[in-house]
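Pasting the structures here.
The two complexes that follow have subunit A in common; it is paired with subunit B in the first and with subunit C in the second.
== the complex of A and B ==
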């Protein structure tokens, strides 16, 4: 059971990266390849708040959300908005992520830093398995976040506008949706959420400059398995990647762990090229 | 007329020969024994995870340069340290070395982080007969028959692995679990440990983990199924934390013996909140250290070296990052013994036990090299195991820690 919990908590981390990718993808049809680095910055800000400044949890969360939101908004202004096509945005956001990694190394160094968890660090035993409180919080947060975002996009006007943009940008513009404003807002919201994600991920992974690179690829695989644009797909894709990775490493060795994850990705894409929950928009011309 | 012309030509010829003989080269270049003894070092300040290692390696070389120059240099030649700003990038290091050879050939070469640069520069150093004291322990730099001027500085695998044997025997362990990463070094660690302990009659099971993974529960569970009496493990940086957290999460109270790279991870040698010293995660852990890393029992030479290095900058990690201090001390001792700074004489002197044992080195008291093996032949008791404690100035066990 401990192995399943480990897979789920790791999967939750990947799912959160996938959620970040998805929000930007829905709003702008582009991938923000600096998403994992934004979460990494969140983890470092959490370390700064908890350890260096010794602030209470609420203030640390607000600080992380604000700081990463500003970074994400800045990213939209310099790495996304000036670039016309989505393909080039892949490169510019990747470059922005690399800059973030470098800056973090300059400020906090290259060694892993421990980020405390407000819920304590005593191991919990549940149904015969063991997990840390921060891991439980990660799983709960990932599920709650996906449910909340899905509900928002289905029931709130701004959420519907986002979906409209993702389906037909031109038509949405004609209906009065400000595409530019919503894209900017999507980046800012992603930053806001990445701040909270950083506070939650830090206790499990440490605040370490290499975190962005470690998360970016697996988060993308989770998204591809689940289906681009699908929040529930990203969540299930994340859990699938985490569980497969852990079980294969346990029974076949860590050498097969990554291999199996990519084998499953290939299999899913062969059967359903849009991912498990992705949708294809067909047009009759 | 013909005879007078011949006399003038003869005088001119003799004159020019005399001028050449007396000059010994260009007018502004000093004689060979007065030129600085040039030591080039691969350094920099932006090498990702290796930055601290690089900075400390260069600071160690600078400290030794001051000590050696204050004592008269290498056979009377003052040491000049030339830092190659390559950030441990092999291509850049090679290009900088070529440029330096074209400008003014270095007499010796040092590295400060990993073995990538060592592999890249070994060939060109050999061609140019430049002494190479390699803290990266690349295989290319221990081939005395083809490359007589290259020597290793770090403890060979054999020593690192065999140092566990007294600990295993003292605690009467029979089954040994080995947990190691997937880098070239870590794989070699796993393979050598398995082979060595099996040869000594232990039951061994080795499990590899991916150093980029964020959770080690799967690998630790696989090892737990083998029910070992003790787990020997290797790792550096965040994976060390994931491994230790994994044991705590599983509630598995098995004794853990971390290798020298675990010791070099600040996480296990700092107090909370930055580190884990004193926490349940390290309750079962013992760290492998060179004897010199124990501040309480360190030799006078080590203490002197630590003071000299502190004056040059912070010592990041353990004294294991300071092999370049020993490198320059060894060069000076060899040069003074051989009364020469020529590579052939100097390397011959390095093989003499009375030279490398009295060089005033910091990390190991002696670097016993053999004519056919340029790895330091350290004894198994040159390393010991200690409980995690706060590391300060590259050493553990400070009074008051």
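== the complex of A and C ==
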């Protein structure tokens, strides 16, 4: 059971990355390569708040949310808005993420920094397995976030507008939806959420500059398994990746955990390229 | 000043890179010291990696960031060969290139299926795997401690000293860039650009989209393998840390900065990035920030990178010096050039049905288009004309029914295969790749009709030269025929709509198709252009081709078609000669009636 809990909490981290990808993807059909780096910045801000400045949790969370929202909004302005096509956005958002990694390295160095968790670090025992409170919080947060976002996109007008835009940008524009504003809002909201995510993942992953690349990739695998644009798919994909990684590491050695995730990615792409919850679209001339 | 420029431009374009290579070869004579030599060596090795990125990213449009992993594959292959006692540098380079090629193909196959991000991510993932794989084979690779104990390189038994290694690196880089240039300026380079612009266009020209992408991606892996083998022999030590994300993003930054769609931009970009890497450690800690900034600047401000800027400068200087401005007067269609006979094939569509969800776009449609005849397909918007065309071309899968070309069923063939069966088409919105000339656009139509492989393009073999000869000759004929010959060397995308439509006809025609599908070829053209188009289409018919014309211009259809098929609401409403159709009451109601009503609304 402990192994399963570890897998689920790690999977929750990946699911959160996938949620971040998805919000931007649904809003603008672009892919934010810097998503994981945004969360990494959140984790470092949490470290700054908790350890360096010794602030209370509420303030730390607000600080992380504000800081990462500003970073994400800035990203939209310089790396996404001026670039028309999605292929180039891949390059510019990757560039932005690389700059973030570089800055974080210069400011905080390359050693992993431990971020404390507000809920303490006493081990919980549950159904014959053990897990840390921060791990439990991660899983609960990931599930709750996905449920909330799904409800929002289905019930609220703004949510529907987002979906409409991802389906057909031009049609949405003609209906009076401001594509620009929505894209900007999507990045800002992603930033807010990434701030919270950063505070939550920090205790598990530590704040470390190399976090970005690994998280970006595993989050992508979660997305590929679940299907692009599917929130629940991303959640399930994340848990699947986390569980496989933990089990392979336990039974075959940690050298094989990345390989196993890569194998899953290849299998999904070969067998079901649209993911488990994705839809096929017929191409048009 | 301008006369100097004009003189320089008279030199063949390959003279400058050759001179640069000669200069690099001569560097040791000037005793520049260890640091400068090493800087050049590492820059050239990085340039090899970057040039591979340019092939896959710039030319075939696939964002692949895994070059670092292929570099590692080449390096470790060489390293393991060397520790096993095989020290020949030539062997290392070949083996390194092959190892990288294998890694490229194996990872490209799944990643390319989904296109842009999937490939970006699967290839990026490779970089994450390098240390793991190296660790798993620790006995052979030295694990994370690094691979040491390599023997010094030899070449045919001759032991290479450090000075010889320098020469070897320059020579390998020079040879590779010559190969790279030969591929890119050949028809394969054009094919890559076609694919990058539009996979739909590429497959309608008969290119297999997937295979062409994979070829580009795989070829891009080879130089990374060469680079790895060179690096291993230069340092005689390898560690997995060399091949991490730092290198991957650095190589990408170099490619974007130098210009992905360029040959020598890779050398420039690599030089700059290597400079960032190599400085005192104080500077190196900011290198990631620089790489990220390069990517941002390259993506946002400098589309085309430094090479793009250079190209514009050359163009401006050319204009100032009056080079290439010899204006050929425009001429009408040269009817003296006879069209070569084309063996047309009957297109038969039987009981074709297609539904999109609940919308029955076509219901049991049957029609025949005969060789040497123009068959027009008309009908109001949404009547299923374009759907029919897309089914014939294989862009949609039909629900039921049959399609045969010259008696052969197209069954469930892919769109590129159908194109190779002899179906050519034009598009409602002309699809013309940017950055290539009118002549090259026309030649791209022959890519699969008259093949010449990559190897023969690299070696400029006699076969390649013959194919190229035919390409040029046929293109000139077709351009003369369509009245575009005076524009042969202009950039194709910059042409006005009417000429781009004609260019599409020319590109379709050069393949001598059995069946030619024209999708609203006359829309948006002025009267003169319509007249020219009509005369060209008649000539194509008289040459024996089966022409299918989808058109809204009723007068043009009446004047041009031998047979008219009227579609309405997914079914065939009427069929007959122009005179019959003109007199048909139902057609007037359904089709022309709609038009008249619209006119009334507009005028009231």
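Basically, the second predicted complex is superposed on the first by the 280 of 285 C-alpha atoms of A that agree within 3 Å, B and C clash if a C-alpha of one lies under 4 Å from a C-alpha of the other, contacts with A are read in each partner's own complex, and residues count from 1 in each chain.
Definition applied: a residue touches a chain if its C-beta (ideal position, glycine included) is under 8 Å from a C-beta of that chain, and two chains touch if they have at least 3 such contacts.
All values reported here derive from a predicted model rather than from experimental measurement.
Model built by superposing both complexes on subunit A: subunit B and subunit C clash. When the two complexes are overlaid on their common chain A, residue A:3 makes contact with subunit B while staying clear of subunit C.
Applying the stated contact rule after C-alpha superposition, one finds that A:55 touches neither subunit B nor subunit C.
Contacts of A:205 after superposition on the shared chain: subunit B is touched, whereas subunit C is not. In the superposition on chain A, contact of A:130 is made with subunit B only, not with subunit C. In the superposed model, A:116 lies in contact with subunit B only, and not with subunit C.
Applying the stated contact rule after C-alpha superposition, one finds that A:82 touches subunit C and leaves subunit B untouched.
In the superposed pair of complexes, A:246 makes contact with subunit B only, with no contact to subunit C.
By the touch criterion defined above, A:143 reaches neither subunit B nor subunit C. In the superposition on chain A, no contact is made by A:276 with either subunit B or subunit C. Of the residues of subunit A, those at positions 105, 210, 214, 255, 258 touch subunit B in one of the two structures and subunit C in the other. Listed in rising order, the residues of subunit B touching subunit A in the complex are 48-52, 182, 207-210, 212-215, 217-219, 221-222, 237-238, 241, 245, 248-251, 265-267, 272-276. Partner subunit A is touched in their complex by these residues of subunit C: 61, 63, 65, 109-111, 113-114, 116-118, 120-122, 124-129, 132-133, 135-136, 200, 245, 249, 252-253, 256, 285-296, 298-300, 303, 356, 386, 389-390, 393, 395-397, 427-428.
Remark: subunit A residues 2-3, 6, 9-10, 13, 50-51, 105, 109-114, 116, 123, 130-132, 204-206, 208-210, 214-215, 245-251, 253-255, 257-258 touch subunit B in the complex. The residues of subunit A lying in touch with subunit C in their complex are 31, 33, 78-79, 82-83, 86-92, 94-103, 105-106, 210, 213-214, 216-217, 220-221, 224, 255-256, 258-259, 262, 265-266, 269-270, 273, 282-285.
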